[in-house]
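One structure is given below, encoded as structure tokens.
In order of appearance the chains are A, B, C and D, and numbering begins at 1 in each one.
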Amino acid sequence: MSDISTTLAGIKLVNPFMVASGILDENGYTMKELLERGAAAVVTKSIGISERDGYPTPVIVEYGDSLINAVGLSNPGIENFGEEINIAKEAKRPIIGSVFAYNAEEFTKLSVKMEEYGVDAIELNLSCPHVKGFGLEVGSDPDLVEDIVNEIKSKVKVPVFAKLSPNVSNIIEIAKAAEKADAYVLINTVKAMAIDIYSRSPVLSNLYGGLSGPAIKPVGIRYVYEVKKETGKEIIGVGGISNYKDAIEYIMAGASAVQIGTALYKYGKGIFREMEWQLRTFMDEERFEKIEEMVGVAIKR
Amino acid sequence: MSDISTTLAGIKLVNPFMVASGILDENGYTMKELLERGAAAVVTKSIGISERDGYPTPVIVEYGDSLINAVGLSNPGIENFGEEINIAKEAKRPIIGSVFAYNAEEFTKLSVKMEEYGVDAIELNLSCPHVKGFGLEVGSDPDLVEDIVNEIKSKVKVPVFAKLSPNVSNIIEIAKAAEKADAYVLINTVKAMAIDIYSRSPVLSNLYGGLSGPAIKPVGIRYVYEVKKETGKEIIGVGGISNYKDAIEYIMAGASAVQIGTALYKYGKGIFREMEWQLRTFMDEERFEKIEEMVGVAIKR
Amino acid sequence: MINLKIEENVKESQNVNTLYFNWDQDIRPGQFAMIWIPGYGEIPMSFSGLGRRKSITVKAYGSASRKLTELKAGDDLFLRGPYGNGFDVREGRKLLVGGGSGIVSLYPIADQETDALISAKTRDELIFKDRFPESRRFIATDDGSDGFHGFAHELLQRINIDSYEAIYVCGPEQMMYKVLQVLKGRKVFVQFSLERTMKCGIGICDSCSLGGKQVCKEGPVFNIEELIGNPEFGVYRTTYSGRRIRLNVK
Amino acid sequence: MINLKIEENVKESQNVNTLYFNWDQDIRPGQFAMIWIPGYGEIPMSFSGLGRRKSITVKAYGSASRKLTELKAGDDLFLRGPYGNGFDVREGRKLLVGGGSGIVSLYPIADQETDALISAKTRDELIFKDRFPESRRFIATDDGSDGFHGFAHELLQRINIDSYEAIYVCGPEQMMYKVLQVLKGRKVFVQFSLERTMKCGIGICDSCSLGGKQVCKEGPVFNIEELIGNPEFGVYRTTYSGRRIRLNVK
């Protein structure tokens, strides 16, 4: 029978399915529950230096099976997050600590703290607004990204994953700036908006939000393929994965593992167990013995 | 009763619905048919200097109600296109000539020729690959965009519309580079890919394609809102409009008119007439007398 | 976003209003909607009426809910839902135990065999008292201004619980926690409808979670057995930012 | 993309093969699919068999179709569809007029009351001749190597058209154009299945258009009345690039 376990940056995963950052990963008990329901690892909600309420409601718009969210990096602050990680760790599966900040110094401080809390890896959320304004994100500035990644890599021992934004002209430039990272996470949400025509107003209190779910899957596949082909580095695929076929598509595009987020809204927590046996069946039928054999097989040289 | 006619860059439109470039607009008879079936104007397929086959099949992937296409700018060349425009003009509604090229000189040559053919406006397709490579587009280079727009504006009298790409870090920078254009068209397709997991291969012969349809509507709304708010310029909204509600959402975000493309795949040519009476009913019920009253009403200052 | 029109706004008490609207939608008692008040925010509201004409009953406690209570007939009502699991409504004699606004979400369960225990801090804050005949209601106020002088769980101890097939409870978490202590181990079927800080309403933002369960999606209704031993029920709450705060209920 | 498995590959003649596969899908005679041969392209193919077991009959004329004819039992078949409108199949006596590969898409119409006029350049290129009993078939070859020596429309003029309820035509456009001239004004129900350069198959790329109609979506089947007066049928074709070329049919 095919083996669906895999290894990512040296971290053993019982299957290639993680929980994406920002979805059901703020409360330690919830993370523990998801791990017990079959997720191979969870990425925590993005944690910053200080407690932050985020945006007032509405913070979410449903768009078919996709979502537009503007939660606004709400989080209890790094000092208050150790307890949640401790609770989640009871499930004895890897915890990846997601952090966000505006500069290398804060990013490093957060990462060091996460490592102290015992996370198995750090994921860098580079989607914060850039100090330059104009709706730009930290992740669209290659110099800043390079600073952040290099600084963190010099201070922490656990693997560091750089989550890249799709809202850029040239993803390869950004990926190269982050090349000291142990893996890339592709893609973050796509900047979007919804207007209600009867109230004649944007729905989200923040006006703009991030599009996730099936709508962005073809965009994510493109980025994973392109970055894998150009850099060869390990990639964690994320963006619109709703079933085992989507996960395999990401893996064949070059992802070594994938993250599930928005699909939990439509399919609930049973999705991990379901995808586990479906993936195993697919691999049996298609004669793949290990996940590694599928990684990037669709890439044309 | 509400008036659904409108004016865009001085061009009178019987309703705010045009046919988007690249959809049913290569053959003059087809353009004529769409105008007779209710479209207020058609934008032609993007025409280049020479005849071009485009990519071999497959050139399209169906993704729910959305599409990923890589037709590859197939076109008969500007010299062969006058006859199609003549046929389309029999419908006596505005024809907008779409052109693509790699530099300002070719763009201008094409635009001048289109003007000779009698088009009512020129639409610039800035999605050509940039000579720099890396998957970049002409439209992601503000200097090049500025050159192209300024050069054309100095040579043709009909209005010029710049169709901007969403695959950029900073749309405002590009919009400002194109500020001599009479209107912006937002948005072009989003770069995407689809992999077939049984053949273990990208489906499109070109590997990458452009995502259009409902998947990108929230992205288009965001860009229209953002660019309208920052520039105040006239905008033609396009991207995932499938019904009158979508069209109104674009108009409230700041569009003066909209283009319909992918929806023709799902809803057929009857969509224009249907949207006409639905729009009129909406405006009656919501007490809007003219399209202009709705343009940008959702924008928060 | 669903766009409905307010048909009628009926004042229930000084700061409580019931808004009626037509909505052709199947909704189970205990389900809720996220009500959007443009410019003021979005708040979860359970339904107080589920006939052909639906209703929500709103207590003004913040700017969004206050604005909601001020809506007039013909005004737009924006919402998304219905969300959540709803109650498992049993046949036979039922008891509703509603603290504060809690009675609102329980009310659609009420039939000819249903009694209601309604509690509030003080007489003026009792909701829906008049919707139950005197023979079918138990009233408790913290200050003794109406009915029993004391808390809901104290009055409940004086009621013959064994005469009911099912008991449905909704109210502030500390009140429900104490009611749970009274009902724990009794053979009657008991469900609680919980309220927690809620943002998304669809089970993804983790704001309303309770021992790994999302109140908005796997709740808001939980059987008593699901709450006994829950590490967070009555023990912790989380703030809008997600910070864990210990409750002082026990 | 739909992924099926080839069940059987049957050689029909030197460069024509029929591929059988199971597909639980309702398909009308005259509908088609876009068949993807990874690495070789995607081509439109009409169905030659529509029972529980479906089939396509492929003539090798390019690299993609040649690769298709070489598929073996157990190989993957990739397709999307079915697309197009299909024939309006009438009750009663029917005549199929198939030129070259045209008989393939007509074959699913055939029943006990159906005659077939099959034409080809030469004897070796006749397809499905043996699927019709001799009493029900008319054969024409351009070179006279089998049956009538001449074109389909010439043989058709020798047939009693009035004895049929319906006539269905498929073949090269010049052949169909001439058949149309023969049948124009006759009171029999006539439909033509057209073939044009096709890329998308779903009515948006404008490659296969014919006087404003998309062959892939509003066709491929058109009533004779829709083609009479069509400004492009038999007059122009467009290349893969979209360049208009005048046909020399008339």
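Structure notes:
Here, a residue touches a chain if its C-beta (ideal position, glycine included) is under 8 Å from a C-beta of that chain, and two chains touch if they have at least 3 such contacts.
All values derive from a computational prediction rather than experimental measurement.
Leaving out chain B, the touch network of the other chains consists of the groups A, C | D.
With centres defined as mean CA coordinates, chain C is found 50 Å away from chain B.
For this pair, chain A with chain C, the centres built from the Cα atoms lie 36 Å apart.
Taking the mean of the C-alpha atoms as each chain's centre, chain C and chain D sit 66 Å apart. For chain A, residues that reach two or more other chains under the stated contact definition are 61, 198, 201. In chain C, no position touches at least two other chains. Chain contact topology: the protein chains form an open path, each linked only to its neighbours in the line. Looking at which chains touch one another, you get A-B, A-C, B-D.
Those residues of chain B that touch chain D in the complex are listed here as 23-27, 29-30, 32-33, 45, 51-54, 56-62, 67, 69, 71, 74-77, 80, 83-84, 196, 198-199, 201, 203, 205, 261-262, 264-265, 268.
The residues of chain B lying in touch with chain A in their complex are 61, 63-64, 66, 68, 134-136, 140, 167-170, 172-173, 190-195, 197-198, 200-202, 207-208, 211, 214-219, 221-222, 225-226, 245, 248-249, 252-253, 282, 286, 297-298, 300. Chain C makes touch with chain A in their complex at residues 1, 3, 34, 36, 38-39, 41-43, 76, 78, 80, 199-207, 209-214, 217, 231-232, 238-244.
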